[in-house]
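Letters A, B and C mark the chains in the order given here, with residues in each chain numbered from 1 onward.
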Amino acid sequence: MSKTNSGYFFEDYHVGQVLNHATPRTLTEGDVALYQALYGPRFAMQSSAPFASPGPVTLVPKLDDLIVFHTVFGKTVPDISLNAVANLGYAEGRFLEPVEVGDTIRSSSKVIGLKQNSNGKTGIVWVRTTGFVSGDVPVLDYVRWVMVRKRDAAAPAPDPHVPDLAKAVDPATLKVPDYVDWSNYDFAAAGEPHRWSDYAIGEIIDHVDGVTLTDPEHMMATRLWQNTAKVHFDVTARPDGNRLIYGGHIISMARALSFNGLANAQLIAGINAGAHANPAMAGDTIYAWSEVLDRAETPNANVGALRLRLVATKGKAGDLCGEDGKYLPEVLLDLDYWALIPR
Amino acid sequence: MSKTNSGYFFEDYHVGQVLNHATPRTLTEGDVALYQALYGPRFAMQSSAPFASPGPVTLVPKLDDLIVFHTVFGKTVPDISLNAVANLGYAEGRFLEPVEVGDTIRSSSKVIGLKQNSNGKTGIVWVRTTGFVSGDVPVLDYVRWVMVRKRDAAAPAPDPHVPDLAKAVDPATLKVPDYVDWSNYDFAAAGEPHRWSDYAIGEIIDHVDGVTLTDPEHMMATRLWQNTAKVHFDVTARPDGNRLIYGGHIISMARALSFNGLANAQLIAGINAGAHANPAMAGDTIYAWSEVLDRAETPNANVGALRLRLVATKGKAGDLCGEDGKYLPEVLLDLDYWALIPR
Amino acid sequence: MSKTNSGYFFEDYHVGQVLNHATPRTLTEGDVALYQALYGPRFAMQSSAPFASPGPVTLVPKLDDLIVFHTVFGKTVPDISLNAVANLGYAEGRFLEPVEVGDTIRSSSKVIGLKQNSNGKTGIVWVRTTGFVSGDVPVLDYVRWVMVRKRDAAAPAPDPHVPDLAKAVDPATLKVPDYVDWSNYDFAAAGEPHRWSDYAIGEIIDHVDGVTLTDPEHMMATRLWQNTAKVHFDVTARPDGNRLIYGGHIISMARALSFNGLANAQLIAGINAGAHANPAMAGDTIYAWSEVLDRAETPNANVGALRLRLVATKGKAGDLCGEDGKYLPEVLLDLDYWALIPR
């Protein structure tokens, strides 16, 4: 019997199956600093402890929401995507409770859909993944679907079950973290004067700056989240001899770039949809732009929500899709999310 | 109206103008560890908490003075040097109060000089930048001048105003941090036996070791300080396709190399002058040497000050300037600073 | 007189000599996070604070045993291996007391053997190195021997003195850290179901995954341990223009890879022997496999010890040695150690 994990194949999943993923992980100030070094975010809520908690003195900066996302996601890789061909989409993502330095994250996934592809060699698996702290306090919940290889093409196809997913998270269900007190928000310290009401639906914001990607950086990031997918680390895993960059690396880089024009979009509250449109490799120079898709109020009178499309491209591409309606080859990421911003 | 920051141009500055820079930043143990990983310093005051604070037990190492410098400096980039052509010099730098892990730094600059260049396309801006903790406690103060592009060459030139700057910080004004207790200094633990009185004015110290620079390392360092100048990150920003390395990266690398021969020059108290003589790129192998320029006593009987010229070069260059009095092309850095060392 | 350290040469050592190495170093959560980013370990005892200390709440993850090893080792470099030609072996390594975040490590070595080589230009130096915390609490003890250049080939040879070293650490002398409580060990959270009794002597475990090495990563790791050997940093130090990767980087990478199949081999208790069989360089893709060499009980009824041979190779090599009994050129590491695992 082999003691090593060869991952799940398509026929190993069934609807309703629960997978408790291994290796809980305690997040520390070290993770915060590495996130800073790898992406260079400047959002004041995560950069400055007093900005985040203006009342009593605290010495600990807040964790970027994407640190939580990547940590929860990374744990799912050995059970969900080790034999995946493609990461197809995200939906119904919500950040539920704040995660603090010192918290320990574990994650768990439930299979909510299965559909074999017509080629008989692969199938699509939908899972709802939840991250927890303190053992059982849910902090993040999202649906992801991936295309997974079959171990044996002759294995029978399961009854197809495609879950009914919301096209976007209902803004009425977004959580504003308890620690958010924007009653006396310092726009000068935050870096830009624009508040919720300054953003119009349909508005496009070019985030201007570009970053050329490198292998050591994305590998360090990916290891930080204990994501073990071999295509990120081993140049022999792909025919082209390149390491494929973890899609979450592009999300974090694009989000950090988006500070320039969205400096006050401090927190991510929900993930409506997301596509890693094309693979990214070291040497690619990425740029980002955002489109304001929607606006919503929240129960907190000082906090508004913006629904944003965040697009990362190689080179300064303008369009998202070609005439055929497919993503252009220079598009790396198309992420639809809800951000919280002072009203 | 664009929501993104395109930076200030020469004609946007006026003498007396105060710029409060965005995004305060809380420094943590994670920053200390990254500084260690990026530069490999061995100065005992920052490496060992008990060495730094021999009295009551403390578990937190001290922050390298250059962490403070880079953090204060990085905040100024969006307002001072986004459209800068060159970083021309430093003067009158003094470290005023110690910065501890957990402190939050903000920085502010005052325009103290302006002079348009004869080409009419650029001008020189002098600023005095101050870093603060706890809101308003100054921790570092220095003058920097940069050459900045004009947005519109036809804009009128301001009245020239060149500030009168000290050639060196008066050693009588240097601050010895309160936590320094060198009454029972352990030279063996610190790594070398040489004290203040062992260094002679005019003495040259070759720091022997070399380091070949890489792109991921300088980008991680530069992001850590939230320095956003695009030439450091985007290979398309320069005609030669190279990323320009942040000058502060060279300062920190040279300072770390200088341990070999200056192991007891534990703290930086003042910055007299500095020039980034030539650009540094990944692949360059840098070496460093120091010259003792001056010596001074301090009010603390156990603490002396050495005025040091720290020179970083590509390859093992000997000379600093050619016959024309200009820096040789292999010279990267010429930094004139005051260090504190046991007397 | 030169103020810089040119290191010890063979004739500078004598049996019984004690070298107290410079620069104590306080370890922090930042070091834990960097270790995570550089190697991607998933062992639950170091990943999760509650897993490591299931009783009272603690927010601080445990330090990987190899962080302790590298920190103790790094301090010895300026005094032991600055003029070394080769790092020949390890023996009698034992981890004695746990090291916690916040502890400050210093290290000291005693010369226990000397033997000049027949070429008259080099000799072998055996040292017993001990790492301490809190000034004088030993935490790690091991023997290492290196081949060191003579400064002057004409210097007389010392009387040869070859220490008598154990072929393996007696398992009865292994220390189980006090904080280990595996009475209610969570195998699902740890990632694999295999306990001590599931491993058979002679069993081989292929750890499957590979990692392609890069220069920035090994340099950052090596600086973290304040290891200053110039071949790791300066491309001009070797005729081939490559940086030689610190052997400990390969140990840590192979150990992290070994999670896949040895997820419950949580702690390293002893180092029996080790050889850096061939040099590793950036661009090499390394894989690892383990062989179970022995099994032993410990005084803790829930804790067993496995003696493991951990082999790292370039490419997916199978064999360790050729017909001549020498390591094959693709073998990078052959490490013989004792791991602790739930019984």
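Simple rule for what comes next: a residue touches a chain if its C-beta (ideal position, glycine included) is under 8 Å from a C-beta of that chain, and two chains touch if they have at least 3 such contacts.
As the structure is a prediction and not an experimental result, all values here were calculated from the model.
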Practice problem: Quick one: superpose chain A on chain C by CA and send over the rotation angle as a multiple of 5°. | Solution: 120
Self-check item: Same-residue or different-residue interface between chain A and chain B, half as cut-off
Solution: different
Quiz prompt | Separation of mean Cα positions, chain B and chain A [Å, integer] | solution = 36
Self-check item: Residues within chain C bordering two or more other chains
Solution: 28-31, 33-34, 214-216
Quiz prompt | chain B to chain C touching residues, read off their complex | solution = 28-34, 36-40, 42-44, 47-51, 59-61, 188-192, 194, 198, 205-212, 214-217, 260-263, 285
Quiz item: Can you list the chain B residues touching chain A in their complex?
Solution: 2-6, 20, 22-26, 28-31, 33-34, 78, 101-102, 104, 106, 135, 214-216, 219-224, 226, 228, 230, 233-237, 243
